[in-house]
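The two complexes that follow have chain A in common; it is paired with chain B in the first and with chain C in the second.
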Partner chain A sequence: MLIYIVYILQPLLILLLAPLFMGILGKVKACFRGYTGPSVFQVYYDIAKLMKKDEVISKSSSFVTTIGPLFTLVAAVSCTFIIPVFYTSLAFSFGNIFVIIFTLGIIKFITSLIGLDSASTFGGMGSSRELFISMLAEPIMFVVITFLFIETKSFNIFTIAYANSTQLSFGPGHVLAALAFFILLLAENARMPVDNPETHLELTMVHEAMILDLSGKRLAYIELASAIKFVLFLTILINGFLPYGIATGLNLLTMGTAIILFIIKLIGCLIVIAVIETTMAKFRLFRVPELLTFAFALGIVSIIINHYA
Partner chain B sequence: MLESFYNIMMTDWLSIFFVALIILISIPICLFSIGYVKEYRQNYSIKYIYSMMTFFILSMIGVVFSNNSIVFMIFWEIMSMTSFFLVIYEYKNKENLSSGIMYFVMTHISGLVLMIMFALIYKYTNSFDFKEIMEYSNKFTLTQKTIIFILAIIGFGAKAGLMPLHAWLPKAHPSAPSNVSALMSGVMLKVAVYGFIRTAFMFLGDVPYSYGISLMIIGTLTAIISILNASAQRNMKKLLAYSSAENIGLIFSVLGLAIIFKSYGLNTLAVLALTAGLFHAVNHGIFKSLLFTAAGSVLYSTGTKNMNELGGLYKKMKFATFCAFVGTAAISAIPPLNGFASEVAIFMSFIQVAGKIDSIWMIVIILCGSILALTSGAVMYVSVKSFGITYLGEPRSIKAQNIHKVPISMNIGMGLLSVYAILFGVLSKFIFEYIIKISQDIINVGNIRLDENTLQNFVGFDIVVMASIIISVTVVFLLVNYITRKNKTFKVYDTWGCGFNEAKPYMQYSGSGFTQPLSKIATSIIGYKKTVLKEETIFFRQHTTDMIEKYLYNPIISLVDYLAIKITKIHYGQIQVYIAYIIMSLIIAVVCVVKFI
Partner chain C sequence: MKINHLEKEITNINNRIQTQIKNNNELYINTTFREVKNIVGILINNLKLIFVGEFCIQEELFSINIILTNRRQGYFVIVRYDVSDALVSLQDFILQSHLFEREISDLYGIKIVDGKDTRHIVKHEGWPENIFPLRKDYAFGDKVPLLSEVSGYKFKKISGEGGYQIPVGPVHAGIIEPGHFRFSVIGEPIENLEIRLMYKHKGIEKICENINANKLNLLFERVAGESSVAYAECYALLVEKLIEFKPTDEVKALRVVLLELERIYNYLDDIAGMCVDVGYSYPAKKFNYFSEMIHQLCERVTGSRFLRNTIVPCGINIDFNEKNKADILDTLKNMEKRLNAIIEKTLGSVSFLDRVEDTGVVYNKTANRLGMTGVVGRAAGIEYDVRRSFPYELYREIKLKANTEISGSVFERYKLKIAEIRDAFLFIGKALSLIEGNVVKNKPEVMVEEGLEAYATVETVKGELVVYGKMGKDNKFDRIYFKTPSFTNWNGLTYAVSGEIVPDFPLCNKSFNMSYAENDR
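This part shows the complex of A and B:
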């Protein structure tokens, strides 16, 4: 009985809390910068407002713009069903990490086509840059998954979380791989040294440039999908690399503590990201390959260390 | 009657698999051709293209079914010749003739090398019969195996498009009619893959791991260099041709991986790697034919292959746009389509190496895997460019505005291929199960039980789960969307130009501009050069060159030209002298053959 609650509660937790985490990130950044900032629930208000608004669609756009945004949300929501949040066991036979990452790739694919769809120069620029960056991020994904496979002998994210939660000590490779995945996370989710999510300045925006011509409900779908994608990447980071305290038994008390621990860990990650975003400037586009190559090198080194240790 | 057929045909799983592939993909392409060849009615013969296509498809089936190296070579040559005649179908265009000659030369290098290979096999085994050769397999000495393996890489690699013998692909595909390109890229390259698997896995039996490593490295380099070259193309069909070379690189590198696993005795993993490679061969056949037929319908309706002149085609050809969208999503490995299924399987086979093989080779294999991951990212970049610039946005020239209507048979062909692309993704679990049986047959593990756990961890099941989740979530969302819809859904208005109201179609991103960041960081690999000309107005031009063609082919071609000029001196124009030459070369050839055997 309890397992069914887990099946429902895990996706629901991510779906409902994803905007809240974005709000918390904004709030923390505002604190660092020394102003009050909007409420942590601001993202919910924004999405609710967008859902109510009328829409304007470019007359150049095609079915990619009219039905694409819905599919980005579908991709994001589908992934929440096959990822451990606070409970994991070896009984889950689905949850292949490649399937999760590639399904999240749907969001990238559709948003970059939406960028080209409205016949605007900014859209083309945004999708060109987005795909350029994500292309260079792909090898990092590969080496990080290789590292997790070496550690746990599994591609299943549930098994990975289970194996790592019971492991008592980690080698230095673990830290390096986590760092590589963290940089991948920043690059894939349009975060600071790669893209500035707050700006609408023409020459610097990447993610925002692609969705410049969307409004109303469709914009809300994409924003929500991006928020869920961001939280999903953080969940993979937390449950793949620091799954301490994740519930492995079907017990209300352990699951309750696991939920609280998960939220604390996630907020910890958000604070780190907030620190990065408030202290660093955005990289020039052609400096981004250097950052990503660094992350790739970290991944390879972590594999070598783990192999020889 | 039937039994005598079994005796003259190769009827093991490998042949049947490839025949199924050929027939499966040829049917929609033939349907597509019915409408497509109408374009040529005025200038060229229709009977010619139909008869050549029929011979071409039949000869490919013949190659796969032949159980004797002489029959194999005869069908192989028929396949090469008919495809050559199809490439130069539009012979009135001089450029097509020169690329046809390029294809002719390359395909004959391939044929020659294969003839030498089969002659050597005959010398070693005293047999032309494939079944006897396969039984002999483990009696080859190491040197013999090495020679045959190298000849097989050159011979089949030249036909399939492995580096550095890929140069005919980007020349022949743009010249050939699109339905022929679809056949050549989708099916003929797979016949070369079949030949390679037959030779390397079944004739040679067990080979040292170093063979696998060299094949894997060649494949990986082919993949990355081809996709970088593809990114810089503005001719749609040239881009697809380079992308075919990329996929062939991917298939060959995973075959190399299978050889490595096999030589280490890791049979389960070898079966999985081979399964991934075979599955990718089918999937590449499907989505590449789909993309070539879609490019063909663009060519049919607009008359141009240059994507910088296109744009906004979806308004007038909605169905073709949708099919091209499916093909683009499949090649970019978007779940739950077929490209995704095999790409994940390939990545998983690469990662399984961890901890099972000596450390130094493990690192090499993982590096190759990460280069293939980079390639898969680049594929998404290139295919989004190809689709987005061609079909989306606004028309960039008058050609993209005056569109001919596409005949219904072309749409049926593309639609069928799109259905394949979806089915082979969603149902990949069942297809994996069949291909695993075939691979077991090839790896020759017989009745050895494979590691069930690894097989279950293999990706098929996950894809089915994910596909069903995606479909059910989509249905729920569409229902919610339908229930909560308003009367006035949306307003259609100009694109927001940030206050600038004079936005023109030519201000959109062009194909060349879209991948310029990649060209910039890969300058030395793809020979990227930009020039700014100041005349009456300022021009900005950027162009790329295939570096392998420039530094490997051009010197050889100029050497041959130089020798040809020297040799003209012995051409007296007297028939007696020529007969003397013929007799002399015959004698030399006979002496060589006698010495050689």
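This part shows the complex of A and C:
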């Protein structure tokens, strides 16, 4: 019985809390810069407001713009079902990491199509830049997956989390791979220093440029999908590389502590991201490949170290 | 070369030319339609004068005035010729003259003879054909009717595989004024940028002709809100030059304080904006905070956050006492150390330097050809500061040297803006030390004789502002002309961004931070 509750509770936790985590990130950044900032619940208000609003759809756009945003949300939501959050065991047969990255890939694919679909210059520029960045980011993902496979002999994220769950001392290869994944996370989720999520300047945008022509609930879907995607990536980072404390038995107490530990780890990651976003300038667009190549190299090095260590 | 030597030189070259020196530093040269090109050519090429601007005065005929300056000696040379319906284009040897010629052509309906660029500049597509708002027969207060059917404006285009255009504006994402940017790009690099401005022409030069000279300072302040004090100062200088009035040392010192306060908050906002545009948010927020502190100080001292209605001709419109003086000194002292700490932080940040260094370079040669002034010009090595060349108020004693940089990139502009802020702190301290006791509000009525004319110039935050004023009847001006710094400096941006990538445009733009309103005067 309890296992079915866990099946529902894990995705629900991510779905419900994703906007809150975005709100917390905003709040932490505001604190670092020395002002109060909006409430941590602001993202919920924004989404609620967008859901109520009327929308304008470009005449030159096709069905991609009409149904695309919903698809991205569906992809994001379905991905939450195949990821460990606070409970893992070897009994999960789903959770293949390739399924996860391809489901997340759907979000990127459809968002880029939406950018091109409205036939505005900004959308096109945004899509071109997004694909340029993800083209360089994808190899990092595969190198990191390779590392995890070598380490745990599995492509299943639940098994990976299970295998790493009791460990606290990891080799240098593990740390480097985690770092590579972290850089990938920043690039894939349009965070600084790759993209500035707060900018109002259309000409510098990457992710935001693609969705400039959306409004109303379609914008809300995309915003929600990106928030979920961001938290998903963080969850993979946490449970793939530092799952310590994750519940492995169906016990209310361990699961309770696992949830708390998960939230603490996640907020820790958000603080690191907030530090990066407030103390660094964004990279020049053509400097981004250097960062991603660096992350790729880290991934390769981590595999080599793991092999010889 | 001194101004009277220049006068002799000119008459030696051509003895049919009539010359006249007015107000000690203005040499008027009257010439004709045929000879003007030749004379301006000699003045610029042989006698090394600098082209500033060109405008039109309607008398019996239309008198075209070409303003030239000698920056070393600090005087104006004005070449005049009368025309009835066509002016001589100087576009062959003065790169920016097309702006002025097109403006005259649109506002007065005078044709440009052999100009390469004769497109409309002020007149947007919506304007009807035969409307020339600055002509005297165009009634004051009439609105230009807008047509619904319009003809297109021709932008420069690039052709070939992969080339496309990005139109940006005139409505922008921020709450800023309208301006259209047309990028021609191949991939990310910008091949060409064309800027189209003047979407909201305010007709201020026309309004100036219909307002009593005693109230005109208020209108001057509204030409460009961010430089209110500098414009008011320029008006005060103009009137004081016309009636040969010398303000007291206290008033002079107080004016310097106000001018420099304005410089501080403007440049703080500029450097904050540059940090925002590269996503470097921590210093950006702090600079904005300091700028707000200065605004609040301004409000406490003068009652206006933008120091409006403070500088008036022949006096000063605020009461200033020991308390205000202490307030200014305290606020600045409290801020200086914290500001320096943040500035050091930005100068030591690798990611920030990587963005700003060697981005948006304007070469010295280009800057010279464009006649760029102000911070953007000095960043490219043009050693020209109005406060040095045409010293007003106390600047002869306190402004000892123009701050310059060499390579003209975004970083140089950033550094210069910081240098100007630091100078301003210094100048305010020096000026305040000259004020002893209270300065009493003094706003005398001025009466200016009909027919007098003069030029005044001030260093605003954007660069060199030159104002021409000619007195008419009833204590109203017959013609006021503003040569605003942004009018010519805007085009520097097109050179700065060529070859840069599209996402770097906002940064280059912010480092210039030119005013839209100054064009729409």
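We take it that the second predicted complex is superposed on the first by the 308 of 309 C-alpha atoms of A that agree within 3 Å, B and C clash if a C-alpha of one lies under 4 Å from a C-alpha of the other, contacts with A are read in each partner's own complex, and residues count from 1 in each chain.
By definition in this document, a contact is a pair of C-beta atoms (placed from the backbone, for glycine too) under 8 Å apart; a residue touches a chain by one contact, two chains touch by 3 or more.
None of the values given here were measured: they were computed from a predicted structure.
Contacts of A:Thr121 after superposition: both chain B and chain C are touched. After overlaying the two complexes on the shared chain, residue contacts for A:Val56 are found with chain B alone; chain C is out of touch. For chain A, the partner that touches more of its residues is B, with chain B and chain C as the two candidates.
After overlaying the two complexes on the shared chain, residue contacts for A:Phe296 are found with chain B alone; chain C is out of touch. Contact with chain C, but none with chain B, is seen for A:Thr278 once the two complexes are overlaid on the shared chain. In the overlay built on the shared chain, the residue A:Tyr4 is in contact with neither chain B nor chain C. Of the two partner chains, chain B is the only one that A:Met141 touches; chain C does not reach it. In the superposition on chain A, contact is made by A:Leu131 with chain B only, not with chain C. When the two complexes are laid over each other on chain A, chain A has residues 121-122, 125, 202, 285-286 in contact with both chain B and chain C.
Interface of chain A with chain B (complex): residues 54-64, 70-71, 73-75, 77-78, 81-82, 93-96, 98-99, 102-103, 105-106, 108-109, 112-113, 115-125, 127-129, 131-132, 134-139, 141-143, 145-146, 149-150, 153-156, 202, 212-213, 216, 285-286, 289, 296, 300, 303-304, 307-308.
The touching residues of chain A, when paired with chain C in their complex, are 29, 32-35, 121-122, 125, 192-193, 196, 198-204, 277-287.
By the touch rule above, chain B contacts chain A in their complex via residues 311-312, 314-315, 318, 321-322, 325, 329, 332-335, 340, 343-344, 347-348, 351-352, 354-355, 359, 362-363, 366-367, 369-371, 373-374, 376-378, 380-381, 384, 387-389, 391-394, 456-457, 459, 461-463, 465-466, 469-470, 473-474, 477-478, 481, 488-498, 503, 505, 507-509, 513-518, 520-521.
Chain contact summary for the complex, chain C toward chain A: residues 164-168, 173-174, 188, 275, 277-282, 285-286, 289, 349, 351-352, 354-355, 501-506.
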